[in-house]
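Okay, so subunit A shows up in both of these, paired with subunit B first and subunit C after.
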Partner chain A sequence: MATTRILEGLGRLYVFMLLAFLYLPIIIMALMSFNASPFYQLPFEWTVDWYQSLWQNGQLISATWNSLEIAVITTIISVVLGTAASLALYRYEFRGKKLLQALLFPPIAIPWLITGTAMLIFFFGVGIGRGLFAILLGHVALALPYVIVVVSARLQTFAPELEEAARSLGANQWQVTARVTLPWIMPGVIAGGLFAFAVSFDQFVVSYFLSTPGQTTLPVEIYAAIRKGFTPEINAVSTIIIVVSMALMLLTARFFKFGGEK
Partner chain B sequence: MAAHGAVAARGGLRKALPLLAPAYLWLTVAIFLPLSAMVFFSFMTDLPLTGKPWAFTLGNYAAFFSQSLYLTLLLASLRLGLEVTLWCIVIGYPAAYVLAKVLKGRSREAIFLLVILPFWSNGLVRIFSWAMVLREGGILDTALNAVLPFKINIDLMYSYPAVIIGLVHSYVPYMVLTCYLTLQAIDDSLIEAGRSLGASRLQVLKRVIIPLSMPGLVAGAALIFVPVVGSFMEPRILGGRTGTFYGTVIEDQFVAVFNWPLGAALSFILLAVVLVILAVASPVLRRAT
Partner chain C sequence: MAGVTVSEVSRRFGAHKALDNVSIDFADGGFYALLGPSGSGKTTLLRQIAGFDFPDSGRISIGGESVERVPVEKRRIGMVFQNYALFPNMSVADNVAFGLSVRGEAKAVIATEVQRALDLVQLGKLGGRRPHQLSGGQRQRVALARAIVTKPRVLLLDEPLGALDKALRVDMQIELKRIQREIGITTIFVTHDQEEALTMSDRIGILRDGRLVQEGPPEEIYDRPKSEFAATFLGDANIFRGDATANGIRLPDGTAIAAGVGDRLAAGAKASCAVRPERIQIATDAGATDGDANVLRGQVSKRIFAGNNSTYFVDRAGQTLKVIVQNTGLDRLAEGQDVVLRWSPESTVLIAAAG
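Here is the complex of A and B:
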């Protein structure tokens, strides 16, 4: 089947072209952060000046700390609340369960522009206002459905007989959860946590509407900088973000199969 | 199992509630109440908080229907969503097919991971990286002029195509992911059976592969279309002055013009349009699960 082989070869070539399309701009953007010219002029001259000047940029540094803090707190809260909710949805049957599960999808499916502006209006209306606390409230709400979906998927592979066996051997509910169920679903919990961290750390739209000049996150700060004009400093900080996010994704992939392998 | 379920059903909610309540309370405070508040505010003349007098009004919705600008922009955004979705299908579907049916084993796993890896990395940064490539005297310009014997000036930055390129780059991994999942589930023997019964490759594609992978296509299209219609950051950065869309107008109401009630009404109209589109797509989606 010569035709088949040719077609398969073309297919492989095509996938590599797609990968080039996906990665080239990111690689070029990253390379430019090591280029000496402030106007992105070629020829390329190696420098790490832009990374050094990042350290002098107090605004960016404090926005970075805010982003990290919010992402860590979001991860902890959404993993704890999300795992608890997943366990309840897995263990118990009750009326309205389907509805509760369906309610997880609006936060994922509704464009962040709508969610973000709605949060702005509501938080302003009830006196929470804008700022880091409002951003945290929003991020946890965005991350929770992802955690519940991921942990629930892992729970699907859990045999309820294991819990019953532990119970019949005299373990109480807390011991069953801590010693039997949690260890089994741990990969799902870790994957959910990494998802939550990524949702929060990369979140721009919702943070944008909820931030104030002093209380802002890194993506919002980058957006403001881009609109003022491009400088290689933005490339440097973008490169750091992309490396961190991709490393997180690779970690997530280790704990959670995306491919739905049979 | 059925008996076990029946026992659990009695008092199930009472036991489940302490575990469920924190998560769903949080979602209520940060998602569901805000969405309700947005609908409420969209019928007001002014925000009650500013101390100014306010009243209920339909004026914000009347503004949408009386000024053709908003409708034009909504249509432009829907068109943008449609174009980006179509490009994502054209580019993503063949790649998903190759991943699912041609590549095998470790190379498939590795390439699949590489395709979906960027899609959780910061969207803003990816758009910025296109600004690097497309701007005048940027990388694409320099590279083409280095290769070609004549001087050309492709000034794509701040144009409609730039917005399309940036958005397709951001969203094509979704399409690859959803199509891959359904394509992978198609039994190879179905394809072989079609071929051995004398169908050409094209006929197998049209009659077997595409119909069976339709749920993945629709899911991918919904996942792409909805956020693209509401996009505002991508058109702002890559579109410049040509990048005025429905999303950027909503953004303006909240961060520049400070007409929140109008912004709320515009947001709610967008939400309604999005829900209608999802409702139309959902029967096909349900068949997938």
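Here is the complex of A and C:
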């Protein structure tokens, strides 16, 4: 009995340390965004000045909007293209299918630094150059393999007779896809979309290569700001982002079970 | 409602001939079983009729309309799949409504038709359930209701009872037959279970290696099989092999067996005789000799008692014969006993040797 209790205690301690390891830096950062001292001096003095001055920081705000816009558009494009590609790979046999599937994985493993350099050279070569459009293209290319991998995994659990049954009842390809296949793979599509959003919104390396001083994203802007001199404004904007993205994640987890059908 | 005609249909998958020049007429309103071992092409044939796959050559027509290049969604067929294939994201009622809904029927019409179909399969009250909340037998009924609610021209069933346990299977066989009679739909049923084929269908087609071996009413195939395969696949049969004579065959040891049924063959040709185990009488003495009955002597090597009947395995000249006897009295034969087997030429089918 005593051993069980000790083990239980150790287990609890482990979980606590794990959560502390994950969340302590974030919590400190969030607290400092409400601290009056710009140099993280204690004692703690409550203020919302940093949040107010954030609204005056035009560069940071415009970079935040750029990041959000690019992440949303990246998510939409890569989910639509990725789901369509997964369905094509699932349904049809065609020349070079195996090769295509094999080529989908390496981009996930290639360091972003290298992908970024390659994109920069390529975009200059074809005349797209740098800027928000180049960043968007780059993000879609990075996110697409994730969506295809996640949606394809979900499709592996789909029973092909369901599509056959729907067709035998007179449904055309569109009706089969919209009413039978998509509802089944929806958890995969949502998970793929979250991946795409995260890949784009967190993206620093590729964005850094492809941005120009006026046209940049939040991570790149934060990096630039830190190099000029760190201000708690950065803590404030980071806190807002964390609260919003955690709320988004929790909401999604509440409405969709990622593990599959119960 | 419509009849289905398959003529000279062939289909290859690589080097494998899945269907080899198959022709069958499925009469309007009939209940037809396609019977065969796995790999015989019965499911391939069903999928050709459904329109999931197209033949390499040959013609298929439904109700006189040529359909061999028409995709499944335009063929107006109903199909029940082996594992039911119910849509897991929809309620029972929505599953049944699917075919009417993709056709753009009015909501009120759909509701009425769905209720009627669910009532027909005796699931009138379960429309709101999800497929995973139903038992195997209930899922089977939903699949059937979904397939017939659109008033298809032909109903196709791919081993629909395969996943059910024995007792439920018998219930569903009766149920399926009742529903089929009630709506009078042409039904084609794929099965590897000979008993199911015998008890349910008006006609049976036996397939083997992509070819149609024999086709006809169950009684005809059982009483007059045209090949050793048909004789042994549909029911049980004792097979004697020898050379054809004027009225039967002569076994290698010289014994003559008279056959009253089957084709006349040129004397001397290789031939077989098939006799059903229950047609043979077994006794300890020769008894009154009936002039033209076939008589063989042998020794009981094994007896299997099954309550209402007993199966005797009788050794005779290196061959083991099977005899099934109804246990109408208390007389039992012991293993090792010498016996006399007797059966009439009318119970003996002459079959040309496969060549």
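Basically, the second predicted complex is superposed on the first by the 231 of 262 C-alpha atoms of A that agree within 3 Å, B and C clash if a C-alpha of one lies under 4 Å from a C-alpha of the other, contacts with A are read in each partner's own complex, and residues count from 1 in each chain.
The rule is short, and it goes like this: a residue touches a chain if its C-beta (ideal position, glycine included) is under 8 Å from a C-beta of that chain, and two chains touch if they have at least 3 such contacts.
Keep in mind that what you see is a predicted model, and the values were worked out from it rather than measured.
Because the two structures share subunit A, they can be overlaid on it, and in that overlay subunit B and subunit C fit beside each other without clashing.
Of the two partner chains placed by superposition, only subunit B is touched by A:Leu250; subunit C is not.
When both complexes are overlaid on chain A, the residue A:Ala191 reaches neither subunit B nor subunit C. Of the two partners, subunit B and subunit C, it is B that touches more residues of subunit A.
Once chain A of one complex is fitted onto chain A of the other, the partner contacts of A:Ala171 are limited to subunit C, with no touch recorded for subunit B. Once chain A of one complex is fitted onto chain A of the other, the partner contacts of A:Phe209 are limited to subunit B, with no touch recorded for subunit C. In the superposed three-chain arrangement, the CA centre of subunit A forms the vertex of an angle with the CA centres of subunit B and subunit C, and that angle is 100 degrees when rounded to a multiple of 10. The superposed arrangement places subunit B and subunit C with a least CA-CA distance of 7 Å. When both complexes are aligned on chain A by C-alpha atoms, no subunit A residue touches subunit B in the first and subunit C in the second. Subunit A makes touch with subunit B in their complex at residues 7-8, 11-12, 14-15, 18-19, 21-26, 28-29, 32, 40, 42, 77, 81-82, 84-85, 87-89, 91-96, 100, 103, 106-107, 109-115, 117-125, 137-138, 140-141, 144-145, 148, 160, 198, 202, 204-205, 208-209, 219, 222-223, 226-227, 230, 234-235, 238, 241-242, 245-246, 248-250, 252-253, 258-260, 262. Those residues of subunit A lying in contact with subunit C across their complex are 159, 161-162, 164-172, 175, 179-180, 183-184, 261. Subunit C meets subunit A in the complex at residues 50, 52, 71-74, 76-79, 81-83, 85-89, 98-99, 102-103, 146-147, 150. Residue ranges of subunit B in contact with subunit A, taken from their complex: 4-5, 8-9, 12-13, 15-17, 19-20, 22-24, 26-27, 29-35, 37-38, 41, 47-49, 91, 94-95, 97-99, 102-103, 109, 111-118, 120-126, 128-133, 135, 138-139, 142, 169, 172-173, 176-177, 180-181, 184-185, 201, 226-227, 229-233, 236-237, 247, 250-251, 254-255, 260, 263-264, 267, 270-271, 274, 278.
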